[in-house]
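Given below, in the form of structure tokens, are the structures.
Each of the next two complexes has chain A plus one more chain, namely chain B in the first and chain C in the second.
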Partner chain A sequence: MSSILEVRGLTTQFSGPKGYVTVVENVSFAMKPGATLAIVGESGSGKSVTAMSLLRVLPEPPARIAAGKVLLSGKDLLQLGEQAMRRVRGRDISMIFQEPMTSLNPVMTIGGQIVEAIREHRELSADEARAEAVALLDRVRIPDAGHRIDDYPHRLSGGMRQRVMIAMALAGRPKILIADEPTTALDVTVQAQILALLARLQSEFGMGILLITHNLGVVAQIAQRVLVMYAGRIVEEAPVRDLFQDPLHPYTEGLLGATPRMYQDAEAGARHRLIDIAGIVPQPDQLPPGCAFAPRCPKAFARCREERPALLPTRDGRQSACFLTQNTAASA
Partner chain B sequence: MQGATQGAGRNRIVRFLVRRSAQAGLTLLAIAVLNFVIVHLAPGDAIDVLAGEFGGADAQYLDKLRRSYGLDQPIYVQLFQYLFNVVQLNLGFSFRNNMPVFDLIMTRLPATLLLMVASMLLSFTAGLLLGVFSARRVNTFADDAVSVLALLCYATPLFWFGLMAIVLFTVKLNLLPGNGMYTIGSNLGWFAATLDVARHLVLPACSLALFHMAVYTRLMRASMLEVYGLDYIRTARAKGLSQRRIAFRHVLPNAILPMVTMLGLQVGSLLGGAVLVETVFGWPGLGRLAFDAILQRDHNLLIGILLLGSALVVIANLITDLLYAWLDPRIEVA
Partner chain C sequence: MSTQDAPVPAPLLAIEDIQVLFPVRHGTLRAVDGISLELQRGETLGLVGESGCGKSTLGKTIVGLVKPTRGSVKLNGVDIVGASRQELRRHRARMQMIFQDPYASLNPRLAVGRIIEEPLIVHNMGSRAERREKVLALAQRVGLHPESMNRHPHEFSGGQRQRIGIARALALNPELIICDEPVSALDVSVQAQVINLLVDLQREHGLSYLFISHDLSVVQHIAHRVAVMYLGKIVELSPRARLWSQPLHPYTRALINAVPVPDPEQPGLREHPLIEGEIPSSIDPPSGCHFRTRCPFAAAECAEREPPLRNITGDHWVACHFVERTADGGISAP
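Showing the complex of A and B:
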């Protein structure tokens, strides 16, 4: 099946005191219609900037998209003018954000904000749009939607607000929903509800989801393919099952080691100990000359510190940016 | 259901007003005491000034005058007498103008209110528009130009600007009147009379508005830029809204809240500015009355005006609070 969204060589930079700093470098991936692709990585790995670059909602300046193509059904979004881009936002691609508490306008009713999104993209009268907004609130399981529609955001809990954000994102019937850490700010029980809701809406609307998260547990629940990002670059790409069973990149291994698991270690008998990855993600303007992960990598050797490994196919349609996996792939 | 919530809202507002009015009453009483004490700390009284104007008078006559006006009483007796009167809205008698202070103030109040309201509307609207204009073009030449303009208006002394405006628009260009509130000796219909007052209002209102326009411009620009950086503006952009709609529907209604606070604070300093403007433009308002009252040691009149000024500020703050609750649904009056 052909891709609905294809990103090629996306590079995003921010201007700093000493010139432009590259925050996302040469990111390429493809999404199939109706599928869920996850981008995982620690804070500062560039995953949110990648997502916002696709919709071009980063403030420019200081941000600039320095290179790459974002092909939506073959049309390069990076070449579109502001007017044309506006018709993409909310209609072809919608986005929900990490902080439901601050992502809604506090002085506008939630109905007003949803109606606004509906009427931006569809030719409906005010009454029709309001009816549609109530229907959308119903679909995201907000109880008593007919009354709730006139509430201001501060009357709603975080989970409810995220549902409102989702309803608003659905207003233009998008083909792709970008969910940037949609459950990070929520209680665990609410997280599960929101994820279940996203999965159900995905099948109802047939939209693709690009899920940005640092939580591998969330990835396991709803994604089919996973991109692992580190310091602005993709270091591994794999189907979700393969990634969990057989991580290729030491960074992915580290992430998995730091994720609580309930079932995988049953045969080991012992309690699974969480192992953290020593050190922190380097600042984008202080990347080491070789592999960006080398200073934290338990398996790093001399070549890692001098030469940067490219992202290369390994096996089963997977990719990895590590000399170790590339050597085994070559010798196997 | 809807009616019930509306009724509850009205009740809440009535309760709020009652409680705040009681607070305001106490505040004003305290201000009356302070005003009285401060004014009486200054040396000299109305009789001294009168004596000076007569070119001297014998001490016995002055004592007699003091006795007849009650100025020979100890300060605290005068204070209690004054407060007792104030509570009954009796602000005393202006011996200089030979008129009850309350009546005197009421004859001058409309002119000052007109000047204040006009210049508030002007400065608020102009500052708002310039701030929005500037914020939407941040770091461009237009933005810098507005900033320089605002700085100039901020730094220009009020009286100097007033005088220069008279020189330019009245003396050189002969476009607008530069003195008084209406053309003396004219007998006009109500429409022509209104127009006449409006023409007289332009220069003093603009002079008085200038400084505050600068304050509003800078405040609105900063406030807009702050809101532009917030999460819900990113949401609005991700929805595909136009820049114009984002600016006016999402940024502006949130950015205007600090402006409303400033509006309440402005009333007090506007009254101070009115003294200058009314003096320069011969506007027959309270400001000039206050100025004359100081020179003439007309204590009753002066503290009467000060008290009225305080009342205006208190009322303005009450209105500000209500306005705030109306603009921001998160604030509920209580």
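Showing the complex of A and C:
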């Protein structure tokens, strides 16, 4: 199946006191229609900046996209003017965020905001747009949508606000939905509802989802492919099952080992020890010369500290940026 | 250390019928609504629940930061609710607290060495030199560089700040540490470092933890027993393995089912029934069983009568009208 979105060599920088600092470096990936691709990483990995770069919603300055292409049906979004870009946002690609309250207008009813989003992309009368808004609220399972449509955001719970955000994001019938930590601020029972909703809407609308998250559980539950980011770069790409069963990059391995697992602990009787990755994520302006993970990597050797491993194909359509996995692949 | 099969000595901490009510404009906020718990020496009791369930308020009540409307908090058999300031101070030395956001709990103007030393100064412990030595030992034990003791909190990462909070909590050799979401703000790799540190410190010092968290996976990892809270009440209390293998309360089951399991091979969210709705306000919560408005098994009885927390078997307690021991010794749950 062909890609709906292709990102090539995306590099994003922020200006700092000592010039530009690269926070996303040479990121490339492709999205398939109707599938979910997850970008997983800890804070400072560059996962959110990658997502925002695609839609060009970073404030420029201080941000600048220094290199790369974002190809939507062959058209490079990075070359579009702001006017054309505005038509892309919402109609081709929509985005939802962790905290819906920051994206909702507090002094406008939710219906008013959804109607606005609908009419920005489609020629509908006010009545038609309102009927469409009610239908959208229904589809995101807001009970009693016909009445709730006249509520203001502050009257809604966190979960309901996220549903409204999703309804607004769907108003332009986008091909791609970028979901940036969409359930991180929610309670776990509500998170489960929202994840189930996203999965259902994906099959109804056939859209691709780019899921940005720090939560490996969420990745395992809803993604088909996964990119693991560390310190601004992709360190591993794999189908979700392969990644969890057989992580190639030592950072991925560490992340999985650091994640508590209820079932494993319960079945083992005694608790197992979590793997702790020593140290912390380096600041983007203080990256070591070689592999950014080398100072924390239990498997690092001399070459890792001098030379940066490129992201290269290993096997079964996977990629890894580690000399060890690349050697294994070569000798296999 | 196995606390599950040990004979039961007098508990280190026993709280009885704690209630914390806050008057608000349109009624009464029932933050903690009649909770009794015991904590043994060397034990970790996990307290898990979603936002607004009252778990943090309960933690603060135990250390004396919040005054309960009703109930007692006994540390080594002595009720410390209503104790004099002086008595309280003595008890506080044996009971410390660490917080979710260590930064907010560390004085930004003090050097870290001084922050860790502070409880020793307050409690008149040791000479200056002795205190200094103790601070260095503590710093080393929690994984902070002794040379960094002159730096200020803002110069440390989130994980290091949590280590500072832990070192400060350990300074007075407490018996009990109330951990209020201690790893919730941390990245998973750093979270694992702090969890492992807490586990090691428990083993070395025989510490007891009340570990409060919204994250069932973390609680299931670290706790020996787990109490599940919903709207100010405990709905289930059980040894950790049992809570996983045989959860009895419909809310506990919903909570377990809702956790996204970090393994694509395990049954996932798609296979589990989800509960509808969100947590109601703890201002005038539902009558009877607080969970009934979201419970798929709720019946008329649930609105009329509040289910008490009952012992079902062994260490397993549950507050649901429909959980029963069967004639053949099994348990039937809705």
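What we mean here is this: the second predicted complex is superposed on the first by the 319 of 332 C-alpha atoms of A that agree within 3 Å, B and C clash if a C-alpha of one lies under 4 Å from a C-alpha of the other, contacts with A are read in each partner's own complex, and residues count from 1 in each chain.
Note that in this section a residue touches a chain if its C-beta (ideal position, glycine included) is under 8 Å from a C-beta of that chain, and two chains touch if they have at least 3 such contacts.
Here the structure is a predicted model, which is why all the values come from computation and not from measurement.
In this overlay on chain A, chain B fits alongside chain C without clashing.
In the superposed model, A:Leu255 makes contact with chain C only, not with chain B. Of the two partner chains placed by the overlay, neither chain B nor chain C lies in contact with A:Arg308. In the superposition on chain A, A:Arg64 contacts neither chain B nor chain C. Between chain B and chain C, the partner in contact with more residues of chain A is C. Of the two partner chains placed around the shared chain by superposition, chain B is the only one that A:Asn105 touches, whereas chain C remains out of contact. By the touch criterion stated above, A:Arg122 is placed in contact with neither chain B nor chain C. In the superposition on chain A, A:Arg86 makes contact with chain B only, not with chain C. In the superposed three-chain arrangement, the CA centre of chain A forms the vertex of an angle with the CA centres of chain B and chain C, and that angle is 80 degrees when rounded to a multiple of 10. This overlay, made by fitting chain A, leaves chain B and chain C with a least C-alpha separation of 11 Å.
The residues of chain B lying in touch with chain A in their complex are 229-232, 234-243, 245, 249-250, 253-254, 327-330. Chain contact summary for the complex, chain C toward chain A: residues 50-51, 157, 159-160, 187-193, 195-196, 199, 214-218, 220-222, 240-241, 243-245, 254-266, 268-270, 272, 274-276, 278-279. Listing the residues of chain A that touch chain C in their complex gives 42-43, 157-160, 187-193, 195-196, 199, 214-222, 240-241, 244-245, 254-263, 265-266, 269, 271, 273-278, 280-281.
Chain contact summary for the complex, chain A toward chain B: residues 52, 55, 57, 59, 82, 86-91, 94-95, 97, 99, 102-108, 116-117, 120-121, 152, 154, 165, 168, 171-172.
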